[in-house]
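Here's the structure we're looking at; comments come further down.
By letter and in written order, the chains are A, B, C and D; residue numbering begins at 1 in each of them.
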Amino acid sequence: MALRTLIASWPAVRQLREGDAFARGPAAQSPRTRDLTPRIDHADRVVESVCPYCAVGCGQLVYVKDGAVDHIEGDPASPISRGRLCPKGQASKSLVESPLRETKVKYRRPYGTRWEELDLDTAMEMIADRIIETRAASWDYETETGAPANRTMAIGNLGGATLDNEENYLIKKLTVALGIVQVENQARI
Amino acid sequence: MSSTLGHPAAAPDGWDAYGDDQQPRVGFFTDTSVCIGCKACEVACKEWNLIPEDGLSWTGESYDNTSALGANTWRHVAFIEQEKPLHTNGDGSTGLRWLMESDVCKHCTHAACLDVCPTGSLIRTEFGTVIVQQDICNGCGYCVPACPFGVLDKRHIAKPPELPAFHGNEDGRVWKCTLCYDRLKGGHEPACAKACPTQSIQFGPLDELRERADARLAKLSGEGWNGVQLYGRDPDDGVGGFGAFFLLLDDPEVYGLPPDPIVTTKHLGEMWSSMAAAATVLVAGVACAFIGRRR
Amino acid sequence: MSSYYGRPVIKEPTWTWQIPTYFFTGGLGGASSVLSLSATLFGNEQLARRALYIGALADAACPPLLIADLGRPERFHHMLRVVKPTSPMNMGSWVLLASGGASSTAAALERLGRLRPLRHTAATVAALFGPALATYTGVLIADTAVPVWHEGRKELPWLFGATAAASAGAAACMAVDPEHAGPARRLAIGAVAADIALMRAMELRLGEVGEVYRKGAAGTLGLAAKALAGAGATVLAKRGGRSRGAAVLGGALVCAGGLCLRWSVFKAGFQSARDPKYTVGPQRARVEREGTKVTTQPKA
Amino acid sequence: MPSLGASFGRGGATDFQQDLQNSDCIVIMGSNMAENHPVGFQWVMEARERGATVIHIDPRFTRTSAMASKWVGIRAGSDIAFLGGVVNYILQNDLWFEEYVKHYTNAPVIIADTFADTEDLDGLFSGWDPEKGKYDTTTWRYEGMEMHASAGNREEGFGPSGHQAGHGGAGGGLRHGEPPSEDPDLQHPRCVFQILKRHYQRYTPELVADLCGCSVEEFLFVCEALTQNSGRERTSAFCYAVGWTQHTVGVQYIRTAAIIQQLLGNMGRPGGGIVALRGHASIQGSTDIPTLYDILPGYLSMPHTEYYGDFESFMQANTSPTGFWGHFKAYWVSLMKSYFGEHATADNDWLFKQLPRIDDDNSVYFTVDQMLEGNVKGYIIAGENPAVGNSNGRANRLGLAKLDWLVVRDLVEIESASFWYDSPEIETGELETKAIPTEVFFLPAAAHTEKDGSFTNTQRLLQWHRQAVEPRDDCRSDLWFYFHLGRRIREKLADSKEPRDELVRYLRWDYPTHGQLDEPSAEAILAEINGSETATGAPLDAYTKLRDDGSTACGCWIYCGVFKDGVNQAARRKPHWEQDYVAAEWAWAWPANRRTIYNRASADPNGDPWSERKKLVWWDGTKWTGHDVPDFEPTKAPDYRPGKDATAEDAIAGDHPFIMQADGRSWLFVPQGLVDAPLPTHYEPHESPFDNPLYAQRANPRRQQRKKASYDPYNPVADEPGAEVYPYVVTTYRLTEHHTAGGMTRTIPYLSELQPEMFCEVSPELAAEAGLEAGGWATIFTARSAIEARVLVTNRIPPVTVQGRTTHQVGLPYHWGARGLTTGDSANDLGHLALDPNVHIMESKAMTCGIRPGRRPRGKALTEFVTELREQAHSRREMAPRHEPEETRKTSKT
């Protein structure tokens, strides 16, 4: 019985049975080929997103499988991009899932010659302390000429054009309160 | 005899055998007159099909660092810098033009790779396209020199790249464009066509694409585009027409394409007969060797 | 003639050394089976037996060679998934299966001296498929886009058949006492003559594409093939009938020539695939002759 | 960009990308749109397919040129001359849109007699102070416009300068919407129109051809295409990018295009306008809600150390009595309420006294100076890579090496984080790892798929992206980082009695968090940005609802409405096939979801569309209506005329479409707000091989230079002795396959393989002259540094003949650095720090360089190589100084 099905499944037999004389079609098809489906059809969820590269603002659909980004492609609904993406946008999945991405805090002590490990909480604590100390040590209530200053010129913050509006909002809000005026981003480049 | 070898009509070989499962034949119309050479198609293809990175070598050949189709390149954008005007109607366009063309497997109506494949790994799908079944291919390599366009190649992974898109032991087999067979089955258009920012790559039922191409040719000829021509649109050409055909702005060979490709099996009939003759003569020859003086 | 940065239009074959070697062993095996059966029919026992062994050995060498060349050797049996007349390689696999299987059966029974009728049937089967095995490889390579192979499709089966015959004859000369080797010797000498003639004819007919046979490795191997086979044939003709030593030498030379010829043809294919002019040139010429297949005029 | 704002009132692209399909002529200049905005470029292709003329004007024949109907090759840095020529062509041939210009622009306004033009002063405008190196811009004011009462930055205009000015906030001084003296017939010699005519009269086709290195025919082709495709029935659009901004006169480049678009009547109309193409996902957003030193959200000026010490004079200085900047105080107070909540009250002037003050320039390159001086101790970098992306990379890296501590947040370890062990200066021995004091914290960031948030794209559109997956390990969003950093600092300073810590304690910092990582809610922050009634917390739906009494809070007044009805409008994703081409229900655009701003100008003064073909919004007899949200008060009739004492928007007449401007008109002539010129005039780049054929004044006199800085030396220029060491023009650019400094692309195999090596583009002529071998290596050098690149010989960057002299141009992509899958030298290392004075942007699009075959020297030898050439060049210049140094030189007009 099993032998018969085995023989029946032999393409050389099927090509006669299925009228595919030269075995260039269905007869030579493997089960895997027959049952193939696109992996995006098995995504756990599809998430609406926007391309992170240039400012055209192409719509993206992010396909998530088992907690990881499985695939990213253009969102056809977008009136700007109409589902299309450039090579960079198209490579977004490789960007977010890249093995080159750092996932751990790295710390280089003054005059150090190598990276060291540091846990995130400690790092945050240290950074907060650095800001408070530097700020206290460098605070100007006034300029040399006696004009009001209320600032520290010893701390700066750079970046923003690749961040979200909400993130930029918090940066500006916090730095204003801290008296950090040297806040800049890619708008200058 | 060649017709009995399976190139009966303009229909793609093997396609009819699908009977009720048969789908409309689909393909690509790649219109180079709107190609901006962004290579989104190359990346989209690799992202979807998880194709390994193909080496980081700079060629100095305009902006083309991909160079050719192969096992790890299923879309290849060619760049040709020319001292030729884009238009011939003297509209004052500069005497300089930069041709860009996204090349791909032609999914021939009469496909040599499909014909010569000894294992049935290469098949015609219900959509009239040609694919390599990776669970079947045993890497005999016959399809590689059989393709008149140099599309297929064997994948050799010297050292597994440390970066993604390389899953399991994929070396030794032959790879090429599948026209995103899996996506088609799910009702999605191929990745490259979906990505193309300017619709230089158009996907659809072949009949429709041919009509669109004819209209396009008429428009561009009217506008006096220099050297505009449809390549692979003619069902009477040497491979019975391409499933993925092109609008070019110069001779095919300028883009690295054969000017008059012919499916190798077109002459298989005469080859078999000349073999039969040779075999017979061999027997006769041997026999002759015995006739005559005997010891 | 314009090209894309001088890059090839088609791909070079991925085949390595096993393939031309197989062309030789397959040819030798196929032709030997024929020689063996003929010898039996003409009552040349020794020649029949020795040729049978030679054929069986040569056939036995084929599968390992072919499997070794596969990218996925463990899937060699996929060759027998389908029966595909459009695929010379698939046809060849079936032929090799039949002919090789038969010749080794026959040889085994011969060795054991048992089941004579079956031995004879097997030998006959081997001899029936032998000629195909000896010549189909010509079709195999002709059925590609490689210009020098595809354009040589008329001659290649003949050429490979002749080479096969020459090798079979020559191999037999080496294995058989001169007094029984007459037919083998005549076969070898005649086949070498045919071989060289066919080679020349093909080169001439191929025109520009044929020039690869005069260039590089293909050229060198081609010359070697003619020289070796020619020399071998001469030795066999002059002294092969009398001296066993001469027979061995001449036979060896002819076989070596046969091997070189396969390699020459093999290399020529790579050379003609590598240079776009061999692909584009003839096609462009055909376009000039028969008109273009691209569509330049919009439909009315 | 202030230039757009100064001309029209808002510093954003005036149109949306999809609308380019309606253009009849598109001029792409200072942009390589097809390569750097490929998906946006589909709309240019749509236009081309519909028969529009697409023109690309650029030193290089790029993938954009390949798609254009016409490419015009010009010398890098000569754009103002070209565009000025177009202005002259329009005026000389009377091809301007008369009704539009007379009603909608300030062409009729008469300028004070204190104004003198570059034509009169040989390249300087009136008010130039050689000592201070600044203009007294009050000499450029409208005639009869009263001076501002308060003390302040009189020199550069009593109004705000820089960004707020750049957003129309520079209208101070007008009593009501109408300028004191006008000539409706445009005949008065001192009316803007006549000044304009005189200013550009020498910008003839011949001069343009000779200065830009194009042909007269090519120039005229552009003029004819533009003028024939403008008017009632047709519109033309301009697209630009950093090819215009990265110059010492960058702002004025864009101003010139603005003048053309005003004269041709293309602003506020379908298929018209000026499309600014930004290079980063949210660079528009990071200016609207700025991470910039000189402004607060919504382009409100930061308080200044020197000017407007007290709240009242600050309000007075920044409040334009007329136009929508008349509500400055409402915007300001609402921001302070969202920053400091109940702590900000009328009694404490909304905490004005405690706010930090800025100087004229605290921009990024100022900070680099300060680092090198040792004055900056700590630096936080989030999603930027100055070690590669900033001009004069060496100065930037040496600066980082002087810090006490540095925080770098990125997806991968970028050059700015690794400088202490692998920067070029380590190779040359200028830096030694063991000797670098900087403490470096590298914190891995979350990607766009790992957080909620909104980007503001190039067309002012806020688009929401949703979190798809959780960030791994230590990866965190910047929202998380800054929120929890602030939280920790506030906890540590909670009990501080120090006055300096007051604002920290007053800060409203109570955002809801969720998940295991305590991720703050981005939507809650967007809601704060949108604003609400302080009493009820009810979300506001328009900035017109903002009040100056503290009853409203708003984090960014121009974004007010993005959370209308408590709904995240930026997250709207109604498919385009379910709406018209404007797609008003896809995401949300500032201001007020308008897609084409100034669209009142798409109708004639009476409110009727200029033509059926180009109708967008119109007056239906009772209200403004149309395809887009009208950029005008909905019920203000076209015949409305302001009363004598009308203020704010009430002072804007019904036929004045530019409601942010104090006089409701677009500005051909900018009387205040820009520090370097009221009218664009051609200046040579800071470094160029040529003198200025128009004036003795070679380059922008107001440009920022670092003459004394040893780390920012300049090449000798023009015919100065020593200039021959750096004889060629060099320009930097981007490739489709990579992104800016490469941190997001050099790390991706699929992109790296497409452009795997740093290269330079040179013409066959230059290759022959310099002995460069195609496919080989070349060393490109300036006074700052030398880099190596593979040689790509191409006809796409042809030599140009200027003033009878043929010069060559070198093209350099700037994506490479020391790290990633593909590495190479960084083009920005060649750059200098001479800046545009309005926006402090460096001039990386037109410099001079030398080029030699072969790879650059390694290690110490590199420094020696650069120094030797520089000293050679500089000593020649010193030994034979030009008889007339630039500042004092005067030549007779040609």
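Definition applied: a contact is a pair of C-beta atoms (placed from the backbone, for glycine too) under 8 Å apart; a residue touches a chain by one contact, two chains touch by 3 or more.
Source: prediction; values computed, not measured.
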{"item": "Dominant chain pairing [most C-beta pairs in contact]", "value": "A-D"}
{"item": "Central chain of the complex, centres being mean CA coordinates", "value": "A"}
{"item": "Inter-chain centre distance, subunit B versus subunit D - centres from mean C-alpha coordinates, in Å", "value": "46"}
{"item": "Where subunit A and subunit B are represented by their mean Cα positions, the distance between them in whole Å", "value": "34"}
{"item": "Euclidean distance of C-alpha centroids - subunit A vs subunit C, Å", "value": "58"}
{"item": "Centroid spacing, where centroids are CA-atom means, of subunit B and subunit C in whole angstrom", "value": "30"}
{"item": "Contacts with 2+ other chains: residues of subunit D", "value": "38-39, 42, 736-737, 749-751, 754, 821"}
{"item": "Shared-contact residues (touching 2 or more other chains) in subunit C", "value": "81-82, 84-86"}
{"item": "Per-residue overlap in subunit A, given as positions that touch at least 2 other chains", "value": "11, 22-24, 27-28, 72, 84-87, 89, 91, 94, 98, 100"}
{"item": "For the subunit B and subunit A complex, residues of the former touching the latter", "value": "5-6, 13-19, 21, 38-40, 42-44, 47-48, 114-115, 120-121, 123-124, 126, 131, 133, 135-136, 162-165, 180-183, 185-186, 188, 191, 194-197"}
{"item": "Residue numbers on subunit A that touch subunit B, as the complex places them", "value": "11, 18-30, 32-33, 36-41, 71-74, 83-87, 89-91, 93-94, 97-100"}
{"item": "Subunit C residues touching subunit A - in the complex, by the definition given at the top", "value": "80-86"}
{"item": "Complex contacts: residues of subunit A adjacent to subunit C", "value": "10-12, 15, 22-24, 27-28"}
{"item": "Subunit C contact footprint on subunit B (complex, rising order)", "value": "5-6, 59, 61, 64, 67-68, 70, 78, 80, 112, 115-121, 136-142, 144-154, 171-174, 214, 217-218, 221, 228-231, 233-234, 236-238, 248, 251-261, 264-265, 267-268, 270-272, 274-275, 277-283, 285-290, 292-295"}
